[in-house]
Structure formats: structure tokens, C-alpha cells
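There are structures below to look over.
Paired with subunit B in one complex and with subunit C in the other, subunit A is shared by the two complexes that follow.
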Partner chain A sequence: MSTCSVSKGCFVFKPSPKKRRVSQKTVHFGERKDSGDTDLQFVTCQALWNQIKQELEQIQEDLNKQLLDNLESFLRRSHSEFQAKTTEWTYRMKSREIPTAALVLGVNVTDHDLTFRSISEVLQQNVTPYIALLEAKDCTGIKNLMQKLMGQLMNCYIDVDSLEDEDNVQVSHNRIRCSMTSLVNWYEGVTKKTSSETPSKKRTSSSRHWLSSPIVVIFKDMESFTTKVLQDFIVISSQHIHQLPLVLIFGIATSPMIIHSLLPHSVSSLLCIELFQSLSCKEHLSTVVDKLLLTTQFPFKLGEKVLQVLINIFLYHDFSVQNFIKGFQLCIVEHFYSQPLSILCCQMADVKTRVNSLSHEQCENVRRLPSFRRYVEGQVSENQIALLTADNYLKEVVQKLLEDLHVYHENYIPVLRCLHVLTSSLPKYPLGKQIRELHCMCLEDQVWETEEYESALQLARMLNKSDLVNVLQQCVEIFVSSAVKEFDQTVEKLKEFLTQFQKLEVAEAFQERDVSVSSQKELQKKTDLYHLQKSLLELKESRRSKKLTKFEMLRFEVVDYIDGLVRSYLAPADHKTLHEVVYFNTPSVLREHLNAAPRIALHTALNNPHCYLKAFSTVVTAAEGPDAASSDQVDDIIHARFIRAVSELELLGFIKPSKQKTDHVARLTWGGC
Partner chain B sequence: MPNLEHPAYPAATLHHLESLVPCRESQVSMLLSIFGERQQFSFPSIFIYGHTSSGKTYVMQTLLNTLKLPHVFVNCVEYFTSRLLLEEILIQLQSRSSATEQTSQVSCDTFNDFVRLFKQAVASRELQDETLYIVLDRAEQLREMEANILPAFLRLQELTDRNVTVILLSEIVWELFRPNIGCFEPFTLYFPDYSIGHLQKILSQSHPPDYSADFYAAYINILLGVFYMVCRDLKELQHLAALNFSKYCEPVVRGEANERDTRKLWKNIEPHLKKAMQTVYLREISSAQWERLQHDDGEPGQLKGLSAHTHVELPYYSKFLLIAAYLASYNPVRTDKRFFLKHHGKIRKTNFMKKHEKTSNHLLGPKPFPLDRLLAILYSIVDNRVAPTANIFSQITSLVTLQLLSMVGHNDQLDGPRYKCTVSLDFIRAVAR
Partner chain C sequence: KKKEFVSTTPYRLRKRLAAPNPYLESESEYSASCSEEEDEEDQKEVNTVLSSRKTPGKTKAASTPPPKNTLTKKNKEDKMNKLVEEYFEAHSSSKVLTSDRTLQKLQKRRLNQQTLHDLLKKAPLAYADEIKELNQQHGSLFSKWMLQLNLGFNIVLYGLGSKRDLLEKFRTSVLQDSVHLVVNGYFPGITVRSILNSITEDVLDHIGTFRSLLDQLEFIMKRFKEDSSLELYVLIHNLDSQMLRGERSQQILAQLSSLPSIYLIASIDHINAPLMWDQAKLSLYNWLWYETTTFSPYVEETSYENSLLVQQSGSLALSSLMHVLRSLTLNARGIFRLLAQYQLENKDNSSYPGLSFQDFYQQCREAFLVNSDLTLRAQLTEFRDHKLIRTKRGADGVEYLLIPVDDSTLTDFLEKEDEDV
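Showing the complex of A and B:
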């Protein structure tokens, strides 16, 4: 593994789950309960992941569409104007700038690779075959940059024109002179060839590229490029812009101001910079959460703590959606690996056959599940015996329970969305701004018992009419689009509320006018100060104790109705029987893998020489196989080697003894050393 | 105005040349007298310097092309290594001498090879008796190449024993070129900046075909009035003139004013040009966007410039790391105890600050700090406990790659890494909000 950073620091390598899976299987074979269904577990896991991966790709594509479309039209526009109107006066007088797209991508650098890959793919398909992707680490000097650029461009030329004229391009890179002139010559040669070729022959490959395709040079990480290299490159290419239709794309992680701080005015005046902004990573995450977790499409679910860990890593540490997805993948693998019953975590259609083919051992596993035990305890005694002894009966019940669980999810999601619609229109967002926060709360505990929920409902009871109607309309849409039969009635009810509100509107308009007119008349009648004061007080009094208006009554009714929905459908998942089958809820495993703490580990190791020795011997004997390391007693020779190595390291200054006092027991036993 | 005169060239050509190089007649005549007649040996090397866009390159090119003098023109920025540069000169020579013959691959690693190949190339040419001019544009780049390149070019005539003159064009003075060991002194020639009158004259020359020269000259006059304070770059001015001319013509096209109505036209264009100075001149918005705006008659306000997008969204701990780094960079170490400990004891007010610390730390710039200090400050400014996980460390590294922090002196493997905070107070304020 390697990192893209040349600087010293600490890098985390996410364990590649598949590899780990294999190694664990071989090394710690005894650890897990082998149910004989390992293959099935593996296959289910793979199938699920592939499905999720496809979905993710689709999401990515949809999210990038806007950006890509803009970029594409920019590229098409950039040189066509000059080619079309070279004779006009203005175009002769204007200095020809290099069209440049400043692409602001956000600080989540790990996600950029994927974005750039899709950008270059789309551009390659629709705009131009000539694309070069440059990274700062490859371009320490202008020479390296030119080499890289020419290498990439001339290779892509081979790709497009198949292999028929290989001899032409087989010039080794050392012999190509890395200068712009050779690039210009190459470009002239290529374009001449494509235009002179018979159109019928070339239609398939290059018909979508227009006659003079621009050369797109992408600087992936603008911040890391040195000023000198960028300046030189821009100055050089601006001199050849007439022969070589270049377009630059700057990938910017921080802010477009970096262009001005990297390039002096004399250089930036050679560019024609337009700004493009990609979707913010938070929005991206919301979409991913929405499409992966808040859907019944995938049987696998994340438990509250696990989801919290993943979201915290995202918000606190890296803003990287890719890492979030990697974490999610790890959860899937871990779940299917550690939970033998995960074979039941499949599409509803397969559940029946899978349940029926459960082995006796697997049935025992089911009986051992805490949630199932709770369920059994709630049954009458004959039923209990049947559940605990008869496998066939158990299978029937399990199937039914799994169906219940599925129905629970089907209901849960629309109701959750409704509650979110309601609470996200409240001031200060007592239940969170994002639906994922609400989701976490609901998973954690019975949401209606929390204080936040209480205050949210109170605020909801004070919503004005237009907001409330808006919320109701959205709720109706959600329920209708969810297409769950159970909610037909709910939809009816909500629509009824809406019509009532409409009626109110008409009625109230009359009433209010009456009230205001009459009170004003009274005020006008009484002229002396005393009476005026009195009547004002009365008016106030009456307003306070005034009976609820119709609107307020209706508002209470609506809020209560939604409250009822929440109470009946948003029960936390770990109250449900067999939730262990589909929920992954061991955050400790995840933390162990994703939140590595190298400093703490090193510190404890170095403070305890025995640990240090053990680690040393493990490392030394690792090559000899696992058996050698397992013996508790450390070999004398290794011990001696260790002591010698330590003193050598001390001499070199890499380690030094701490001033910590020796434990008195140790001092008694070993003396002063 | 000195009229160009030279016995070697016909008067018509000279007259044509003069019309092409306005405001540079004296320099051209000086060059002509140094060059002498075609077959005469000239001064071995000429050094021409002057500010950006004072016409050095243009004058040289026009002069050599109009008089059809044999020459080679190379930009030293483009051919960034000595090898590329020398090979490029040879290639141009070859392609010049024989148009029909295929240019063979030349490989020239050292100056010695160059001299040899150069002699061959010149020998094969028919015009052996004519002076060959080698023009090296942006010659300041030569200083970054091998130490022998610059002195050798200056003495090329002597080394090759051929009729050749090397002309160096640069924006900096000769004194900055002179190597320690000394070298042949070239003839230096200074191109002064164009004055506002010169600029007016040159810019007005290239008026659009649809409008009269006077009308365009009036426009240029207004343009210079606005931009001369900030920009004297001829190319840039020409670009700006072309960009904004359509706006200037607008009242005329619509029939609201005629071409002589200078005052009305001035009122129309002046605010527009001022806006252009703040946006398109600074490259806040691109010229293409500017033209589209003009075309749609939109307000430039709708389009945010590059510096409008200064906000950078950072993960939670990255924000704190950056703030901690800023504090570590701008506060002296001694104050840490006072700022970040709860019970720091009393500090005597008198002479707490040493004298040199009274100057603002912001004027002195950021100071480097070790990693441990950064983490210590981080722990004290974050409310809840922070576990020193690998994620925190990788965030520091990614802040370095984003150029928000920079690493100093990382060649010492034994010490912990040291960093500097490179962001401004405004940025930190925005982050801390």
C-alpha cells in the first residue's frame, strides 16, 4: 500500500475486508461458531454488496450530472468561438487566453479520485479523446510535468486509433523531446489524420468528438503544485494556444482564492477562469444515507451506535463519503462474518426457502438470540415448549417474524420521513436538521419519551397555518409514494385535515373581520381614560381565556394524530424480535478497525518493557510460522538480541529510558536495575 | 522623429519597418547601425532589457522578419533545459537551411557538441557570408541552466568563428546576470517603458474597420484614463479595449448619440470600465463571462468573483486543529501556560512582555511549532476529550496537503515534525465562527 502524500505523518490503511476475511478464516478458525453455512453467508454478502455498489454508482452519477454537464458545455464553448470568428476584429485584438475551469471540490480529498475518474470518462466519451491527468507528486519540475503530460496524451492517442498504426507511436519516451513544439507537431499530425480519414470508417469511434478536439489538462490537486511549475507551464502553453487548443482544469480543495495566491497577475492574466462547484460532501452523504439506509431495498441495516460511529468519523474527521462507504462495507462484511444467522438477511422472496433449509444447529442459534428469548418468554407455556423443541414449528414462526420485521421497516421509513418533515420546519430543529439524526434518535430509544420530542411537539402546536398545510401536503406525498397499503387510511385522514383547513380559511375570514370591527367600535365609544383602560384590560383578559379557535383545535388534532403515528410505527428496532439477523450493532469492532490509536499503543508498549519484548519476539519469530510465537517462554537468544537492540537504539538516540520510578515490587525483586 | 536610414536596405522596406514599430524608432535605428550590412560582422552579443511589454520581442521579430535577416528565435522558458534549448536552435537552423531535406534527429548534450554541430549547420547553408542572429527571449532563464551556458553564448562568435550574433532579451538588468567569474560583456540596450502618449498612439493604430480612427482614439483616451493608473501592459490594455468596445458603441448603434458626442459616450462607458477594473482585470470573472454579461445586459453583481468563495468547509476536528495551529504559530510558548491552564498562578504585569515581543506577532509572520505543542493546545481548546487516534494525525497531514499548514525542516527523523500555520487571521476568524 502507498499513500499519495510524501510528507511524514501517520496514515491509516483501511483493512481491505475481503483479504482480512480470508486470513481470519485460516488463522482463527476455532473462534467462530461454524454453522456449515459459511459459503452461503459469503455468497449472500457478495450479492448484497454488489447490489449496493451498483446503487452507489448510480447515485454518484446522478449527483455529478449537473457538474459534468456544465463542464462539458464549457469545454465545447471554449475554443469553438475562436475557431468560428477568427476574422472578426475583436477576436483578432483580444489576447487569446487559455480557457480554465476552476473546479472547487471540497476538502474531502479522498473522494476526488472518483470524481476525476468520472469526469475524464465522460469527457473522453463526449468531448475529446485527449485528456491528461496530472498530480503534484509527479510534477516536481516543469520537465517532469511535460514528460507526464506527453506520455499520457500520446498513449491516449493509441487507445483511440486502435493498434493499426503502432509503429508510428512506438517511439520510446526517452527519445521524444519533451517540448511544446513536439506536442504541437504531434497534435497536428493526429488531427490531420482523423480529418483526412474516410468518415464512414471512423464514425464509430470519433463521430462524437468534433473536428478539433481540445486537449484537456487536469491538475488534480492544485494546492500542492509549486508556483514555479504552474507558472512556467501556463506561460509556455499560452504561447502555443493558437496551434494547440488547450483547456486547463484546476482541481481545488480549499477555495478558488488559491489561484490568485499561487499565480501572479502576469500569469493569471493569461487564463480565462470560470468557476465550477461540485456538490457539498454533506449533501452527498445525505443522499447516500437516504438511498442506502432509509430504504427497504436492502435487507441489511445499521444499528444506532454503528451508524453514529460512521457519521462521527465523517463529520469530525474527514468529510469523506468514500470512507463512509468503506465503513459501511466493513459493517456488512463483519455482520455476515460474525453472525451465522445472517444468511436470513436476504431479499424477502428468498426468506422462505432459506428458513426452511435451516439446520438444527442454526435453529439452536435462533433460540439463543436474546430478542427471540424475550419473545418466547412472552408466549404461553405450550407454545414455549413447541418453540424450544420443534424445529419445524420454529421455522414457521421465524418466517412470520421476519415478515413482521420487513413490514415494520416498510412502515417505519415513511413515518420517519413525515416526522422529519414536521420537525425540520420548526425553529432551532429540536430533533435535528438532518433525517439521519432523527433516524439515530429513533433507533436509540423510544423517541416519544425524549425531552426533545416533547419540545418539538410543543413547537409544532404553534405552527402557523401555511406551514402546517405545507407539512401535511408533503406527508401525503410521502405516504402515497411509499405505496404501503396500511397507510391508505392515513392518507385519507390527512387529506381530510387538509380540506378542513381549507374550509376554515373561508369561515375564519368572516369571523375575524366581525371581531375586530366590533371591538374597535367599542373602543371608539368610550372616550375617557378610565373607561378606555378598563376596556383594554377586559379585552386582554378575554383574549387570554378565550376559547380555542377552530384552527387551534384542528392543529392540536393534527399534531396528536402524527404523534399517534410516531408511537405506533417508530418503535426502536432492537425491541423487535430477530432484529439481530439484519441489524449490525457492534460498534466496538468498527471502532477498533477505523479509529486506530497508534500513539496510545506505542506509549503503552514502550512503557512496559515486557510488552515490548513480547512484541519483539512475535515480530522476529513471525517468519517461522504461528506455532513458534505461541509459546509463552521467550527464547534466551531472542532475549539477548532484544536487550542488545534496545541498547543500540538507546545509543543512537531513538529511544530513551523514562524517568518513571520502578515499581517497588520490581525493585525488591531485581534490585536497582 | 528620426527617419530610419541605412545604406544596406532599400528605403521602402525601411519605411515599412518604421510604420510597424511606432515609438521604437530610435532603438531600431541603433540596432541597425550595430548590425551593419548583411555580410559585416556585428557585435558578438547584444543584451536588450526593459520592462514587461516594452516591445522587446515584437521589435526584434519585426526587424528580423521585415529585413529578412537570417535568424533563430528561441524562448528560454519554453526550452527549459540547456539540452532542449541547444537542440531547438539546431533544429531551427536545419529547417531554415534546407526546406526540402528532412530534418534529422539531432542530439546535443553539451555546448561542445553544439559548437561542432553549429559549424556544420552553418557550413551547409548558402548564406555563409551573412550574419546569423540567435535571439534568446526571456534570457533570465539561462541563469538557471549550467554555469557555462551564458558565458558561452556571449562568446559564440569567437567560439565558432562564424558570423553570428547572439541577442538576449530580458526583463532584468545585466548586473543580475554577470557571473562571479566574469565573462564577455555584451552590448546593452535599454527599451524604456511606453509613455501614456505612446500607448495612446499604438492602441489607436489598430482601430476596427467599421469605425473611424478618431472615434476609436477617443475611446482609447477614456480607457487609458481609467486603466493607466493600474495597468501599463500594452497587451492587457489592448485586450481590455477589445472587450469593452462594443459597450462603448452601444449608444451609437442604438442611435442615441452620434460618433462625435464624446460626453454622452463617456458617461455611458466610464462606470462600466471602472467595474471592469474591479472584476475582469483582476481575473475575478473571466473575460468570456464578462462578454456574456455585456451581451445579456446583466448586472455584474449577479456573478460572484473568485474571491467571493473564500469559505472553506472543514471537518470538526480539522477546524480545531487549524485554530490550535494558528495559536501555536502566533503566540509565544511562554504564554501557553497562561492561556490554556486553569491554575496558572499570578503573572506580574510588569515586564511580562519582553521588549521584542511588543511588535505585533502578525507582522512577524507565523513561527514553527512542534507537533506535541499543537496537540496539547488542541486538547485544551476542545471541550470534550479527544482521543489521539490515527484520524487526528491524518488530518494534520491533509491540512498540510491543502496548504493550510506547512511543514518545516522535516529532514530530521529523530525530532517530531514541526509545522507552521499559513492561513490568515481572517480565515481563522471565519473558521472559528
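Showing the complex of A and C:
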């Protein structure tokens, strides 16, 4: 069947049912030329991604927990007042204030969906079944808003006791005139019904809900609602607040001030607003980076440039953690798709079996890796021959190398954290405020060779004691919690430093008094000018040479020790053999697929002389033979091609017909009007 | 002296004067003359005024003539007035001279669609080999696309050249065994509703209508969420076409594409196409961008009569008009002729609203075509049913009648009618 038609624009193709594909997933990694165990690659990829996804959900949940708890208790409070009808409530009822939660979520609008979803889920579970999520695009007028609101509320009523016929209700709610009164009636009916129901049934269905649950209306994107709709809704519902325990939640992307600029005082005074702040997206990202990248839990790693691209997209384009994760997912897919050896990018427990089952071709792939070649070149000649010829020997070595790589990561992360603790307390943050910046620097090159590192150490050598002790204590914690055996000694050493500092404290007090007393005595003793001058000079000299007090010596020692750790553990990953197996380092792929520039593509395509020749060969041919076509008759083909060129330009949006003059077009891009 | 003054003239003004006006010389002369007469202080003042605002400066200079040598002053004043006039004349109309050689004057007649198509087929495709190679390169991406579609991404293709053939190849080589929907976005009659309709009717086998697009979308989303075995590949050629680029259409398509079991692969061509999407839509679409520059001509995409140079107004409209009218009574044809003639008489009037019903009735009566208001109405209903006319209400509530056909077709039609009679 063809998909060209002059009467139709949509074509549906349905294969006969028996031909329908049975298993889809297995096919996808196949059909490629390079050798490799494509199925295994895909399975590993999927397993890894699922694991990461779970972790991400966990992170999300943890991050939202605080916010949700606060929100829940707020709802409880506003609700209890309604139920108890305390004096305060009656006061409120008089003044018609609607309890409102203003949720400041930040500019990354795309991430809000997830937050709202979890909010409504949690609230539905713990607080109330009556939740309506409103979006500005559905609520162009107050009528649409009420329709949407009632639709959602009444559907959720069905969910509570789902025995009722769905269609029946759906039709009826379409018929109900959408007004606040009908909403009040409905609410009264529902609450009466649930309270008149046998208590046992109610316990099972909504045991955790309170007796008369509040109605929660969430405005997802408060800023995009038209002010009139919002105002009307608030004014109308404030009239009914004594019959309807309404609670509003405003999702705000900018700042809480927006409420006052959107709503006039007369309306905002009807709200009793409480502010809730969600975690900023930057902190969210830090957590994600921390939990996904700076851990040995996941074998997959991002290369420096790739990470930089992802972070740049985040910082300069959208502030969206979701997009960051999407990019991360793409990295994983690309890595497993393009790297046949990625099957070795798995948990350490599986490495042995996987290495042992490597095929000969896979072994050849290993030998082709640049980092492995470097490794081979560093070996003695017999060893070189063995590595290049004997598969079994190669497998042994590969296994060992992979274990080394794993150990490297295990060591890398705690040391990185320690360095971060040290440098993030320095003024002006020479090595960056965030650990991800430091991570990038370490991945990029040998960090100890950079100027920034040099200046950071210099600043660290000037830290005061309390700060330094603080840093040391944090480092000890990090090493202890990392539970890497290799660092036992380090911990000991750091602890020793700490006790030395403590001892110093006592000793210093004595010494200082000593010095000051003795020098003072000296000054008092000699009185003539020459001697005074001389003694002052001496004093100065001694201070310069004796500048290294015990504390200073110790401080130097500590900084040097940390420097030593950095030098031995923070070597960039691409110096490690077989790093290609676990590191994805093709930033161009990401840039191309996530941050595409169609304009540039068009531009280069048209800049290409090859294409010019093709698209505008009419010009050439016309220029070639003015004498040949001296008659007014234009060659048909050239004419037709010219027509096509014009229509193509129009399709691409370079020109548009101008209405003012016949046969004229307006140029739209590249210096047009 | 002269030079320094020139430099104080606002740059913008200088530039504007410089382009169309040959009097740049006199402009500086005028400036110089001013500074000759005024003393230092005054000059400074004029200077500042001039640089801040052009016209006040001029009027000030004109309104405070110093008493000495009035004659020269007057002379200069004349000159200046002339200059002012020149200035405003130059800026009164933004008319730029354009050639009046329109395409109408070409000896060549405008080609119609069919001949154009035939001619182009004959024209050799330049660099065919290279283009073929390029396409083969793109073809190797198919399996990757399938993988990424299945992992929840959607794919958008961009770059110069028609991507229709590429997508067709993708469809025929990979999608044969799965349910898929092809949407020709460049089709002038395409709407989001028709896309949704073909999903509900043909894919989901649903009979019945929906109150609104959102309802329909909700229904589709519900069905796809409930039944995890349902999968649909959607191919959209030209997602950025005139008909689909609207905000609402894009929102609906984005929501559709965000379903995990709907896989969207689309192409865009317009240079500003990415502007259609804001952050929210982008996150719904979850695009992966692929540059697939093919350099192949947009044959299908430009084939619907929308080109500037192709003979407009298809013969289709004309023939259908003739066809319908042949089957009507003589009086009915007369009525239509009247309306058509009236419309042609008013073709230069861009704000022509149509012929009001009352006037039309009067004319028809005078031509003995109808005898009552009712018969005319019955006749008009028939026309309307055949979509020969359109009625609309003006601001004053009067009903206006229009023939929704462009003027050249109408002229052709009248000529043909005259031949017949």
C-alpha cells in the first residue's frame, strides 16, 4: 500500500495477527557487523538500567520525603481545625480563609510532573481520596476549571468504592451543572454515605483516611493560569468554605511573590498561605551524581567530556534533572550498543564467568583496545607474546586488570571526597564548589599538575586549626564508611594527626607564654638604642626562621599527606588499562542527539558547494548558454527545476510569499526582514 | 568645524539620510551654516539638542535667527526648509522600487502540476551516486532507531533533503510486522483530529465519536495504558507542517508520544521548527535528534498545490464547479452567474465582504430568476450543500454570500459558461 494520496494524510498498517512479532527485545542489538555477544550486551544493559532506575526512584522518594511530610502535616492541621470547629476555625470561617500551600518548586518545570505525581499518590494514600490536579492548559475559563475539577473528584469517588458502574457516573457528571453548589451537594452525599456505611467496610476501604477528608485542589503551574480564572475560583470557593473543607496547593516555579502579583489583595486575603520549599534542582543533581556516579555500586562510568556535556546541558539549558537522567540513559545505551566488550561492564561477581566465556574474537577486541596495547608495550617481551597469542593467558590478565580497575574505583571515590572536603572549605573554591567539578578535573588530567590544585594546597597550608581538625575528622569518617581495607592505615594515620593536634593545644599554651615572657624580659633588660635595635632584629630573625611552629609543621605534614593520597589514588581513569570497558567517552554522540542544531545542519548542507551545484544548477546552466537560449522561451526543465527550488525554499522556511506584491517573496532568514 | 558637527549628528539619522537621499552634502552644509552664526555657547546648545533629538534641534535653529545678515539667513532658511521637506518626503513612504516584471509577463505559461511533475522526472538527479551512498549510511541506523524507540525515546530527523524516502525505507524494512501509522504532515488537509481518528478507529477498532480532542486523547491514553500488548509505531513526515505546527496540535502529539507503547519517529524540515517546542513539550517528546541530510528533492512534500509558481487553483475546482452546475436548472445557473459576476466586479476590493442577501434577492428578482425570498433561499441551500457558496454574517447581522473560489478560476468558469450558452 502506498502512502501517497491526494485525499488522505493518515495510513494505518496492521500486519496479520500471526505475523506479529513475538519477542521484540532480542532483535534489537542484533543485525550488526562487529563481533560481540549482542544478546548478552542487551541483557546487561537492561539489567543495569533497571537497577539505576530503581536507585533513582529511591533517591527521588528520599528527597521528596521532607516536603511530603511537611505537606501532610499541614493538611492534617488545616483539616483538624475544620473538624473540631474550634474557635479559631469559626474565626477563620468568618473571614473565609482557604488554607493554601504554596509549593516553590523551581524553574525546572519538566521535573514537576514527577513531584506532583508522588505528592498526589502519597496524599491519596494517607490523607484524602479527594484530590484534583489542575493544569493551566485545561482551564481556560472558570467553567472548564470546574468541569475538570468535578470530573476528577467524582472519578476518585468511584475509585473509593469501585463497585459502582463507571459509565453511569461518567455520564451523570457530564450532565451535572458544574457549580460549586453541586460540588457541595456531592461532597455532603459522599461523606454521608461513607459515614453511614457499615464501619467494618469503611475501615477496609479507607482506613487511613479521616472521617471527613478535605478536598485538595492542586494547581500544577500556578503562573500560567489566567488571573481571572484563579481569582474567580478563589472568591467562589471562599463562599463555600464552611461547607467544604477545601485546601489549595499552588505549584510555583518562580518565587512566592508571584501570588501577590497575580492576585489582588482582596483575593489573596482570602487565602491562608503557608510556604513550602522543595529541594533546589542543583541539590537534586548533586545527589543524583553522588549516588549514581560516585559509587562502585554501578560498574558503568561516565568519561570526563561526557559528564561535562551533560552538566552543561543541565546548567545552561533546562535545569532539568530528568533530562540529565535521560542523557545518562542514552550514554548507557550507546555504550552497550557500540562497545562489544561492554559485556564485561557488570558486577564484579559476574566478571570471572564472563571473562572466561569470551570468544576468540572478543579477545581480539581486547587486544585492539588502545589502553591494553599500552599495557602490552610496557611488558617484557615473553609476556607480550603470551598476551597477544594465548587467549587463556589473556583472560587471566583481563580478569586481574578488571579487578584492579574496580579497586581503583573503590579507592578513588573516598579520596576524591576527602579532597573535596578539604578544598570546599577554602576561600574562592579553587577546585570548585561541587564535588562533580572536582570529579571532572580529576578525570580530565592528573589533578596535581594543575595550577588550581597548587593554589588550593597553598591555601590549605594556611587553614586554621579548627578548620583543619574538622576536615580531618570528616576524612576519617569518609574512610571508615568506605570500608576499604586499604585505607585502614590511612585512618590510623589521620587519627594520629588528630591526637597530635590535641596535644599541641596543651603544649602551645605553655610555649606561647614562655616565649612572650622571655622576650619581654630581654627587652626590658637592655636599654640603649643600639642593643634594642639589635635585639629587635634578632627577634624578627628568629621569628622568620622559627615561623614553623609545631602546629605549622603538623599542618604541613597533614597537607602533604593528603597530597600524597591524591597523587597515588586520583590518577585519571583513562590512564588505567581497560578503562574503555566501563567508561563511556563519546561526547559527540550526546551533543548530536540531545542538543541538536538543525539550523547548523541546514547551513552546512547548503554551504556545501556540492549541494549548491545540485540545488542551483539552474543558475549554472542558465549562465552557460545565454546564446543558446536567446529566445524568450525558457527551457522547460530548467523552468520546472526553478519552480521546485522555490517550493523547497518555502518548505524550509527561507522564504514566504509576500501578500503585498504579486510574484514576490520575502526572505525570512539570514538577514531578512 | 564642519567635521566636528557632522559627527554629532545621530548616527541613525545620518545613515537613513545617506541611503536614499542625495542631499547628504547639503545636510552638512546646513550644519556648518548653523555653527557659523551662533556663538560658542549657542553652538554647544544646538549641538546637544541636535544630538539628542533631530527635529527640535532644527526648529530651534530656525525659530531663533540672529539679527545679523538676515538675507543669507533667509536663503539658508529656504534651503533648510527644502531640506526638511526632502527629509520627510524621503521618509514618508517606504516604497522601494521593484521591477514590475511579473511572472505574468513571461512568455511561458505557468505550468500545471502534472507537467511539472513529468518534467522533473526527466531532469537528471545530480550526484545520484553520492546521495545513494549517504542514504545507505542512514539506512544502517535503522536497528539503532528501533532499539531506542523501544527504550522510550522518540526520534526526530532533521537536515536538508526529503526524508520521506528514508522513513519509507525504514517502514518497509523494519516495521512490516508491527502495527504502524504513517502520517503525511505535508498533506494540506491533515489535522490532529484525523490522526487521532485513525488511531481510535483503525488501530483500536473503536466505533463512536468523541466530544473533544482531549477526550479522544484521554481515551487513547487509557486504552494504551490498560493493554500493554498494544504497540503502535507512528511515522510523521513533516511534523512541522503548516497544519500541525500549532501549539495545541503539538501538545496533543507530544502527549501521545509520551506513552510508553507509542513510538514516534518524525521528520522536520523548517528551519525554525524547533521553536515549536517549549521545555514541557520537549520533555514529553523525549527526542533523540538525528541529522539525516539526504539532499534529495522534496517531491511529495511540495506536490500539493502550494507553490508560488505553479499554476494556482487546480483544474479540480473548476471541473467540479462545472459538473455541479450542469445538473442544475437554468435559473439556478443564472443565480450563480449573477453572484460570480458580482464577485468578479469587486475583486479589487480587498475588504469585499460578499453580496448581502437582500441585494442579491433584488438582483435576482430584476433578472426574473426568482419570484420570492423563499425560492432563493431554497436555491442557496442547494448551493451550500454542494459547497459552491459560503455565507457569513457581517458585523451588522446581514448575511453575506461568497463563492470560495479564487478569481482566475471564476473567470475561467464564466468564460466556459458563456461558451456553453
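In this text, the second predicted complex is superposed on the first by the 522 of 673 C-alpha atoms of A that agree within 3 Å, B and C clash if a C-alpha of one lies under 4 Å from a C-alpha of the other, contacts with A are read in each partner's own complex, and residues count from 1 in each chain.
The criterion applied here is as follows: contacts are C-beta pairs under 8 Å (C-beta built on N, C-alpha and C of every residue); 3 or more make two chains touch, one makes a residue touch a chain.
None of these values were measured; they are calculated from a predicted model.
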| item | value |
| --- | --- |
| Subunit B versus subunit C as contact partner of A:598, first or second or both or neither | both |
| Partner chain(s) touched by A:318 [first = subunit B, second = subunit C, both, neither] | both |
| Touched partner set for A:179, first subunit B, second subunit C, both or neither | first |
| Which superposed partner A:260 touches (first subunit B, second subunit C, both, neither) | first |
| First, second, both or neither for A:653, with subunit B first and subunit C second | both |
| Which of subunit B and subunit C A:416 touches, first, second, both or neither | neither |
| Contacts of A:351 with subunit B and subunit C, given as first, second, both or neither | neither |
| First (subunit B), second (subunit C), both or neither touched by A:232 | first |
| Where subunit A meets both subunit C and subunit B, residue numbers | 5, 7-12, 109, 318, 594-596, 598-599, 653-654 |
| Subunit A contact footprint on subunit B (complex, rising order) | 52, 75, 77-81, 84, 87-88, 105, 206, 208-210, 233, 235-236, 238-239, 241-243, 245-246, 282-283, 286-289, 304, 306-307, 309-318, 387-398, 400-404, 407, 410, 414, 417 |
| Partner subunit A, residues of subunit C touching it in the complex | 98, 102-104, 106-108, 111, 115-116, 119-120, 122-123, 126-127, 130, 143-144, 146-148, 150-151, 153, 158-161, 168, 171, 175-187, 189-190, 194-195, 197-199, 202-203, 214, 251, 268-274, 279-280, 282-283, 286, 288-291, 293, 295, 297-298, 300-302, 304, 306-310 |
| Residue ranges of subunit A in contact with subunit C within the complex | 3-15, 19-21, 24-25, 27-32, 109-110, 137-138, 318, 320, 322-323, 326, 329-330, 333, 337, 592-596, 598-599, 601-602, 605-606, 610-611, 613-614, 617, 632-634, 636-637, 639-644, 646-648, 650-654, 657, 661-665, 669 |
| Residues of subunit A defined as touching subunit B within the complex | 5, 7-12, 77-78, 81, 89-90, 93-95, 97, 99-100, 102, 104, 106-107, 109, 142-143, 175, 177-181, 221, 223-224, 232, 235-236, 239, 253-260, 265-266, 268-269, 271-275, 277, 280-282, 313-319, 594-600, 653-654 |
